[in-house]
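Both complexes below contain chain A, partnered by chain B and then by chain C.
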Partner chain A sequence: MSVLRLLGLGWWLQLKMRSRSAFDGALAIVYPLFFATSVFLIYRQSASSTALVAAAVGASVMGVWSAVATTASTSLQNERRQGTLELLVGAPRPFALIVVPITLSMATIGLYSLVATLVWGRLVFGIEVSFVHPLTFALACVVTALGVAVMGFVLAVSAVRYRSAWALGSALELPIWLTCGFLVPLSILPDWVRPVSWLVPVTWGVSAIKAAALGGQPWPGIAMCLGVAAGYALLGTLLARRMVDSARTHATLALT
Partner chain B sequence: MTSSVRIFFLGGLTSYRALFSWLSPWVLVPTFVLGPIFQILFFAYVGRSAGVGSDSFFLIGNAVQYASIPCLFAMGNTIDGERYSHTLGLLLVSPARRTPLFLGRALPVIVNGFVVSLFALVVGAVVLGVKLPLASLPLLAFVVAVSAFACTGLGLVTAALALRVRETATLSNLVFGMLLIFCGVNVPLSALPGWMAAVAGWLPLTHGIAAARELAAGAPFSAVARTVGAEAGVGAIYLVIGLVLLRFLEIESRRRATLELA
Partner chain C sequence: MEVENIQRRYRARTGIRRRAAREVEAVRGLSFEVERGELFGLLGPNGAGKTTTIKMLITLLLPSGGSARVLGHDVVREAREVRRHVGYVFGGDRGLYERLSGLDNLRYFAELYAVPAREQRQRIGELVELVGLQGRERERVEGYSRGMRQRLHIARGLLHRPEVLFLDEPSIGIDPVGARELRTTVARLVELGTTVLLTTHYMFEADELCDRIAVIAAGEIVAQGTPQELKRGVVEGRVVEVEVFGDAQSVLDDVRALAGVTSVSVEERGQAQLVVVRSDAGAEVTSSVLAALAGQRLGRVATREPTLEDAYVELVNRP
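On to the complex of A and B.
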């Protein structure tokens, strides 16, 4: 119960902090919209209206990853810069439980972007998505956001020693969009990409979201997204413990 | 005269070298090597998936457009970086003439944008298997250089706005996104709504991308000379607007004492 309270309060506090800058908030929503708009304009030239609707659903999820990729990779750097990293590490709770709410709040902002992209597609491009399973769609979106948040958690703890972590996160934005089935079917990518994509939770999340919105079986995707995300959570927890132990031993917590 | 030339070359070089937080392989490789390649691949595959356009179309559009990353961000940083390191005030109280001061800072940025864009073009062509006519390569390089110049002109405008806006990187991201949509990067201008195509004509990169596509299709330089001239003209207009805006906002920020507050 206290773990859930910690996660909940941490998430809410981080979400409020992230909502302070209107300029940054607008960017989190608008930046993926630029790419989504390009995608809509490309698909509008195609003869298939079904493809345009599928593109709208896929493009809407891009913002969730976009909201996490760069910010998560720099999140611990920012804590260090603010002088709060030592306080977080010193808290009488596993470090992983402190970091996950940070990336969870980022993914929540990404959900705003998801909604904004669908609304943008509807209002500007007249793309009407008639959700086949609306409730399952909402659940798939939440599960995908959770999966993305856990990916962000792994990224955050992996990049803690990397001074220019923002560049790494920024560089990961497009490869994930490309290889995880947001817009491009995995079947047209080179064969070796597919097994790699299956190891990323968001691939299964996107598949579930598309199935829930356009018709299909969303539940296997939801289950796989949760399962792979659990693996990432375990990996991130082990990494976080190792990083913290190493930083304490070598007295490098405050250093990059 | 001598001091202006010195400010132009040495000041520009020193300012560029001061971007040391950028000039690291840890930043350069993800940003300038992986970034453009993945943008090209992303849109090329989206095009394949939609059954629209060709690899060559997406390659050229995105390779040339990626010049905007260094051109916008590095120029924006000429003001924001100075403010961050508390040297903006020192810079602006110096008696140096502003035109060579800021144009000198633009020169290395143009070279940077040119190299990034050309690299993306060549590597993207290899990865996607697009064959560019060998004879067109020098001319393509020239068009890329003109496009980088034009985009740096726009970068100078965003640098000027940095005297009033705190989040320069955010502003540069927004401008980058506008260029992505409007300049015919992934969608031909003929497929854009009329008003967007009209706006595109007044933005940097639009004419450069169009000229590069024609050259890659085998057109002689004489066929694109006017388009390249238009690209250079648009760049020159933005450069002048940027210099005027810098002067105006500098005076305003002194009058309102907001130099360090933006």
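On to the complex of A and C.
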């Protein structure tokens, strides 16, 4: 109960902070629409309506991932600059429970971009996503956002110890686009990439979303996305402990 | 709180290409004990290692040697227990969420410090009042003045009613009335049984508040005792102050060389310079000091009892 309160309040206040920066706000609105437009323009030339819908879905999840990837690893660096990182580490609550709401709030902003992309596709390009399972579609989107948040969590905790870890998020942004089947089907990638992509929660999330939109079995994807995300959560928690201890040894919590 | 021979080294980075890692010994084996309910002061010049010591005690830094226990919990092995019971307030305007209101900052930290949900609202209300931010608590912190931020820091540190409170220069930037209120608050917390470890550069603050003081310089304790003991132990005689108009520096060495004089320092006082001469017990140095300063234009001459500041200056200037 008190854990839920901590997560909930942390998420809400983080969301409040993030939505208060006019610049970030504008970026969060405009950036994903640029992706979406490029993707729609490319796919409009050739494809069937299913491929276009798949592209719309893929582009929208790309927005979620990009929103988290680029900010997750810089978020703790910002806390460090503000001098709040020490307070987070020095608090009696487990550090992992303090960081998770930070990336959850980013993924929430990402969900906005998902909706915006779909609306944009519909209004400007006339792509009708007629959901086969609307409720399952919504659930799959939320689960995917959760998966992205947990990936962001792992990225974020690395920054506790390594001040340059912020680069990691940007470095991973594009490879994840490619290998998780956002735009190109996994089947056309080299064979060795596929097992790698199975280890990433969003791969499963995207496949579940596509299944819910186009017809198919969304539930295995949803379950796998949650399962792999749980693995990441565990990994992140263990990593958080190591990183904090290492930061206490190397005095990198504060730069004062 | 027991601190035994605690040490901390830092690797100071200089240069980019030649990553010459120079080891800095910030704290070189401090030992002291603080009783429950005691107010213990840690004084020392900039870079003496006060903040480093505090950060080790509140588990933000691991010691490179030695050990420390807070409320019987080891700061390395039982960090979680220590964190539950200690509060930490540092000086300066960082460490707050600028884009949130003061109230939201306190809500967030109340949750982080595991203040029970039922008590949060009331506790936050009390503290906002205590630090005098009522009426402004719903504004964003980015619009707060420096002293308001410091007040918010203090409220934050007290949220979970810590049994041990670490105050690292808590009165920086606070106006005189607010600083006096802060001293009253701290004194009341101590009366109620809170143990406090305070660092400050304001000697009167330390003198008024502290039960015992340790003076540290370059990472080592140079003296420890009650403020009275420090004053008496270090500066036994009286202190002579002479206002000099003109260049006092040139004759300082002459004054230092006088028999009975233990230390001499100079403070700027507008157009004049105040030469402060501390002497051994029983030594009557006023006349010889005046003789040594004979060539100068002199103003007011006074003798007084030594203050904690005199003792401090003496201690940290000792070779």
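Heads up, the rule we're going with is that the second predicted complex is superposed on the first by the 243 of 256 C-alpha atoms of A that agree within 3 Å, B and C clash if a C-alpha of one lies under 4 Å from a C-alpha of the other, contacts with A are read in each partner's own complex, and residues count from 1 in each chain.
Everything that follows uses one rule, which is that a residue touches a chain if its C-beta (ideal position, glycine included) is under 8 Å from a C-beta of that chain, and two chains touch if they have at least 3 such contacts.
Every value quoted in this text rests on a predicted model; they were computed, and no experiment measured them.
After superposition onto chain A, partners chain B and chain C are found to sit side by side with no clash. In the superposition on chain A, A:Val89 contacts chain C only, with no contact to chain B.
Of the two partner chains placed by the overlay, only chain C lies in contact with A:Ala251; chain B stays clear of it. For the combined model, the angle formed at the CA centre of chain A by lines to the CA centres of chain B and chain C equals 90 degrees after rounding to the nearest 10. Of the two partner chains placed by superposition, only chain B is touched by A:Val184; chain C is not. Taken over all C-alpha pairs, chain B and chain C come no nearer than 10 Å in the superposed arrangement. Once both structures are placed on chain A, chain A residues 21 are touched by chain B and, in the other complex, by chain C.
Contact residues on chain B toward chain A in their complex (touch as defined above): 21, 24, 26-27, 30-31, 34-35, 38-39, 41-43, 45-53, 166-167, 170, 173-174, 176-178, 180-181, 185-187, 191-192.
The touching residues of chain C, when paired with chain A in their complex, are 10-11, 51, 55, 58-62, 80, 83-84, 88, 92, 94-100, 104, 107-109, 111-114, 117, 156. Of all residues in chain A, only 21, 23-24, 27, 30-31, 33-35, 37-39, 41-47, 51, 55, 162-164, 167-168, 170-171, 174-175, 177-178, 183-185, 188-189 touch chain B in the complex they form. Per the touch definition, chain A reaches chain C in the complex via residues 2, 5-6, 9-10, 13, 16-17, 20-21, 82-84, 86-93, 98, 245, 248-251, 253-254, 256.
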